[in-house]
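If you scroll down you'll find the structure; I have some questions about it.
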Amino acid sequence: MRKRFHTRAKKIGLPAGSLIHIGEKLTDKARITIIEYDEYYSKEEVVEIHDYSFFREKPTVTWINVDGLHDTKIMEQIGNIFNLHPLILEDILNTDQRSKVEDMGDYIYIVLRMFYKSEDKNGIVKSEQVSLVLGNNFVISFQEKPGDVFNPIRDRIKNAKGRIRKAGADFLAYCLIDSIVDYYFIVLESLDEKIELFEDALACNPDRNLLLDIQNLKREMIFFRKFVWPLRETISLLERSDSTLIQESTNIYFKDIYDHIIQVIETTETFREILSGMLDIYLSSVSNKMNEIMKALTIIATIFMPLSFIVGIYGMNFKYMPELEWRFGYFMVWSIILAVASIMLIYFRKKKWL
Amino acid sequence: MRKRFHTRAKKIGLPAGSLIHIGEKLTDKARITIIEYDEYYSKEEVVEIHDYSFFREKPTVTWINVDGLHDTKIMEQIGNIFNLHPLILEDILNTDQRSKVEDMGDYIYIVLRMFYKSEDKNGIVKSEQVSLVLGNNFVISFQEKPGDVFNPIRDRIKNAKGRIRKAGADFLAYCLIDSIVDYYFIVLESLDEKIELFEDALACNPDRNLLLDIQNLKREMIFFRKFVWPLRETISLLERSDSTLIQESTNIYFKDIYDHIIQVIETTETFREILSGMLDIYLSSVSNKMNEIMKALTIIATIFMPLSFIVGIYGMNFKYMPELEWRFGYFMVWSIILAVASIMLIYFRKKKWL
Amino acid sequence: MRKRFHTRAKKIGLPAGSLIHIGEKLTDKARITIIEYDEYYSKEEVVEIHDYSFFREKPTVTWINVDGLHDTKIMEQIGNIFNLHPLILEDILNTDQRSKVEDMGDYIYIVLRMFYKSEDKNGIVKSEQVSLVLGNNFVISFQEKPGDVFNPIRDRIKNAKGRIRKAGADFLAYCLIDSIVDYYFIVLESLDEKIELFEDALACNPDRNLLLDIQNLKREMIFFRKFVWPLRETISLLERSDSTLIQESTNIYFKDIYDHIIQVIETTETFREILSGMLDIYLSSVSNKMNEIMKALTIIATIFMPLSFIVGIYGMNFKYMPELEWRFGYFMVWSIILAVASIMLIYFRKKKWL
Amino acid sequence: MRKRFHTRAKKIGLPAGSLIHIGEKLTDKARITIIEYDEYYSKEEVVEIHDYSFFREKPTVTWINVDGLHDTKIMEQIGNIFNLHPLILEDILNTDQRSKVEDMGDYIYIVLRMFYKSEDKNGIVKSEQVSLVLGNNFVISFQEKPGDVFNPIRDRIKNAKGRIRKAGADFLAYCLIDSIVDYYFIVLESLDEKIELFEDALACNPDRNLLLDIQNLKREMIFFRKFVWPLRETISLLERSDSTLIQESTNIYFKDIYDHIIQVIETTETFREILSGMLDIYLSSVSNKMNEIMKALTIIATIFMPLSFIVGIYGMNFKYMPELEWRFGYFMVWSIILAVASIMLIYFRKKKWL
Amino acid sequence: MRKRFHTRAKKIGLPAGSLIHIGEKLTDKARITIIEYDEYYSKEEVVEIHDYSFFREKPTVTWINVDGLHDTKIMEQIGNIFNLHPLILEDILNTDQRSKVEDMGDYIYIVLRMFYKSEDKNGIVKSEQVSLVLGNNFVISFQEKPGDVFNPIRDRIKNAKGRIRKAGADFLAYCLIDSIVDYYFIVLESLDEKIELFEDALACNPDRNLLLDIQNLKREMIFFRKFVWPLRETISLLERSDSTLIQESTNIYFKDIYDHIIQVIETTETFREILSGMLDIYLSSVSNKMNEIMKALTIIATIFMPLSFIVGIYGMNFKYMPELEWRFGYFMVWSIILAVASIMLIYFRKKKWL
């Protein structure tokens, strides 16, 4: 989940607006889907590159979805048709953008990050940049690769479920953002599961690997948080926007997304606090273990050092040692040994070391 | 007290405003109570679902209380009668809302969290979401399950105690919120009791379980705080609201609640600081214990190692060892042993290790 | 210095404005003193409850001082005479208020906390809530018990010292607040003395009790700070107030108090930083002690373990051990022992362990 | 990368606007390059000091680049020709400036810090102050020494690549700032590489030098951050500037730089969090090592102390010790020894110490 | 460098504006110097107390410098002549003021703290309060004792260097503040030198005294910072002031001071971060030392405990011990001893403990 900012180096010295795709190439061929709809009909088709300009005049809402960003020629063409500013095109191609919204007058540019669980390998959380261009009667969405996050919206358009067919392009943009934000809760869920796992591990067997795991999780959180925080401001700007492209009745929907974002942020902060609590527990576990080890050592030493001394005394070779001659000397020594050991054990028990 | 945000996953892909109850089902059957009152009379009845629309025209104040949220049909019906926006209905059903207030023009929607001590099991603190819809002459309150938090208000209405019968629907809303916030002090009390308990435990016998208890308490606090903080803004918005639904004379009452919330927040912050102080004390207790153990070990070793060496010397089997033949050798060795041990003990006493 | 928020529980379910005294009863009988003055004369009398309403019309300034809050009947009476809002009366009686100011149009309500050193027992810092009601020609002050904090002001009024007799009720309110804030410096002084004491203790003999003392001081500071912080905003509101009750020429005096409050807050923050520095020193002292103990142990063990081994060798009973027969064997062993011990000591000295 | 603020001492007592070069002399002789261009032609020449005043009237855009700041005579001359305020000249010469922008009406002064990797020695990151003066048809740039950071811009002007030849002086200023900010990503890249290196070292062999390295990196970060943070505000001021010197169409380009700065700042903050995580891991590694050492000691002591005691017993010289006479006594002792050792080992294994 | 806030206690109960000097008496007799100048001439004289009132009408700029504050009679006189508000006079005499600026209409009051290195004893950093009163054609400066910080300004006035003689009283005030702020860089320099010293000490020999030194430095920093932070706001208020006493052309000079203050603050913050980094290094050094000590102990114990056991075995007095009779038994034991010791050493080397 590491950020690849160093790929920026490619672009040093180039004039602003140079179209260079920054990021991994996640799909082979860019695919463009067009969905046209109004209250009474809807049509979906996969198209080759051609002239979309007539969409600009149509009374219906048009959703143009582009999967794959590496084909800069297509990008340039779309840019020309819809009059996109070169810097906006550049931002669409740089896949390490911070969430933001730019009101360009004729259209609004929105960029945000989509998180999802990959289906094949152990359900790792992956992320991808999604750019949206909202015009008066169209929405263009750019994804790094084809995905099924937007499928439910396609269904809703086809089946005329909910408000979507009756509302304008701004409502479509809302739906797209909403479905992306909904997926954040899945990331939270996966983080939560890991935290619970670590908590159990912490309770029974805290070792150094756990510490590394906790630190890794912390880092994933930092990465996730880095993308979610700016989204707060982004959506807030959309909600309070005075652009004519967003109808007043849609504002409350953006407010709803805003509330979800706040919830995501707060949960992330809670997780952070829980994780630092876990670190404290881990560190004190290590101290406790040390204490236990030291106790064991001290008990053994405190018992056997005096005893070794006692038996050492009667190992001396002095000619005149009265006890050695005494018949019950040996048994007496054993008695002393047992007495000393018992006293020590009682003392330790009293001190709660045993 | 863990948050169940993952239940959100149920809703992924659904259009906004889909009525799905998110949360545990805390009661069997939704129960609806209606209280109508003005300065001169009051009436309370439990009703089945029917048409409440005539309430909208009545000059009296009407309080509709709904216990149990899982029956989405009732919700839909209420939504239709009172013209509630689908997103508001959705928020009422999602029981993991952050406190907030939405001024919808015709009505104001307020959501907040109620905390209370359960009566049956050891008085654990439980929480529940309460939604309020304040119209010009009605208040609708939605609870997850029947509870007695609002009973004193019912009594006040019945017996015409205080201002309540003379005032409008906004004052009723104030009373409901006030009684919820009053219960926060009970949570604080219970947290305070636990802190005191832990302090006593820390003074006499700090062990690892105490650490875990402190961490758990810290987490409860994080959870509690998460709900209280946004309430500050919520109430502040109500107080400074320019809605015609809230009369000017009621503002000072909301200001009063605001002061209470600030007090709850400040007390929570104080508790947090006290808890981290306790953690510091715990950790230094562990260090102190270690120091004590190490001291014991060092004292024993420092006394008996030299003594063992001395008796070891006279255990050697050299043919020519003059002391062995000497008549008082054995007693001389004992004298040396006692002298060494005494010197050591005096030294330790001087160093304050004993 | 613990906060008694749980007494709030008494009030759950009661209508707002219910007059219940929350706090300890610090005096037996409420005592009411009235001081009337203008530029030319002043009069002071202790009165029983009676009708003060004529004061409202008088051209002189009247200061009504109430010591003792538990007699709710008096409170109610005063409330009626001066038209105080029930919520204000409630706030006066709740002695766990946060500092605040409420501009009620006809009068301004100010609540703050007074700190003072009790004279009898070891000069412990105590605190008490003071409420002020500032009208156009009167000030009512409510104290929990009789005290001498305001005596210098009484003297100034009697002797016409300074501006006080020439100025209005707002200046009197300023004088009362100023004398309360002046006492905060005494609390700071007492905290400073304790810190110095702890610093000396830390330098010579850091033990666990010191840690607990530091933590207690930290907590006192938290408590003190909790009351001082909101005062900042309170005074700032007074200074910038556009109420007609406060003359423009008095503003600079409130600004002066504001500066004092800032100084108190900054000193408190400095103390906090000093205290955490002390905690760090304490913890590293504990580590240092441990290091010393471990060094002692290691030195003893490192010297005597090899020596014991050497004498152990010649304690073996093998038939053929040439050294044992050798005439100077015993002296040779002593030479080896002394050599080993010397080498070890030199080594430790070089390592700076001795 | 240490700041040289103490060189300021040179200037104490001098009147403001005294031209004294503060900083290292990084080049021998100041070199001045002039580039003139408009949409149709461009010209570059290296000039000696002479009268540039006629540039002020020309319709073309002029870029005057000064490499080397120590020649205060040149500075004074430029100051006179372009009417620069003495304080601005002073700021250009003080090479420890914080990034800032000053709108002086006739011209805008911008100062910022350039970071680059030196080519000769191990690619250390170096930094240098760059000052820009933007007039209505000219930009003056001041560098501490000749560098190739601006070369791509020279190329673009020569070859009329991008918008640059068609746009005004404000766009040139943008291009210069943009190319400086682009280089920040190289610093981030180098920091990132070091962090990765340290992470690997932390995983295999954490020693004290690593700690010092981490601390040094932290300090480099503090230094870097200190220059980047104020840049945020600087660029934001430029973007929102209402100066007539900056055309509206250029604002979006400054917004683009602003986004980059935010990204740099966020990455720096992320690095800081990662570094403190590494410190935590380092410290717990040290504790773990200690635990391991103590375990080793405890195991050895716990096994051999009892065994030494046992063999000590049969080294005693009592006359009547029945076991000594017993034929299989010696073998019995060996059995006991092996049994004790085995039990101990099993116990340790069970406790997971082995 | 400890603050003497407790001297405030002197003033409790006194009316506001009572002139009492709070602070140490740093000079014997107050000395008043008057400098009059305009573009064409300048005059300096040391005066006794007399009537300065005619200065108020003069067209020249007058700078009245008062060294020594304890003579409250002089203060009162000056207060009367220049119509200073009693609270301003009080602030001048309280030498524990926080930096601030008060615009009183006829004059502006500025108070700030001057830091300087004393010349006689080891160059300790000392501090002193400076108050400035800026009128339309005069500046009054109050210092606690005579000092040479302002001498360069006197020289500039005498010799008509720079703008000073051509500008008004506001520029003089600027010059005084500027020379005070310039001295802050000397404090930073001295702090920086100490930090470097401590860093070297930390690298070679970290002991407890170093920790105390670091903590003391931290405290000096807290003290220094406490005075510098509010200065930021003070100067910012001066710069943005709409008072007629400050000409527009002077604003840019105050902006320059503001930039210096920001630089001082940022450097202080950097120092704080460096100091906490040093604390971390110190603490880990202590841990490392402990690890080393424990290693030594463990190595010795692990080698000699088994060896002592071996020789103990052959010290037993069993009748039937075949090895004892064996001719090469003794040499065999030596071989075993050497083998065990070697294996141990190899093992430790492999574990990198040696």
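The letters A, B, C, D and E name the chains in turn, as written, and every chain counts its residues from 1.
Just so we're on the same page, a residue touches a chain if its C-beta (ideal position, glycine included) is under 8 Å from a C-beta of that chain, and two chains touch if they have at least 3 such contacts.
A quick note: this is a predicted structure, and the numbers were derived from the prediction, not measured.
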Hop count on the shortest chain-contact route linking chain A and chain E comes to 2
Cα centre of chain B to Cα centre of chain C, whole Å, reads 26
Chain C and chain D have mean C-alpha positions lying a whole-number Å distance apart equal to 43
Going by residue number, chain A touches two or more other chains at 287, 290, 294, 297, 301, 305, 308, 312, 315-317, 321
Listed round the ring from chain C, going first to chain E, the chains are C, E, D, A, B
In their shared complex, chain D is touched by residues of chain A numbered 3, 5-6, 8-9, 11-18, 85, 87, 96-98, 100, 102, 208, 211-212, 215, 218-219, 222-223, 226, 279, 282-283, 286-287, 289-290, 293-294, 296-297, 300-301, 304-305, 307-308, 311-312, 314-317, 321, 323-325, 327-330, 333
In the complex, chain E touches chain D at residues 151-153, 156, 161-164, 174-175, 178-179, 182-183, 185-186, 188-189, 192, 252-253, 255-256, 259, 262-263, 266-267, 270, 273-274, 277, 280-281, 284-285, 287-288, 290-291, 294-295, 297-298, 301-302, 305-306, 308-309, 312-313, 315-321, 353
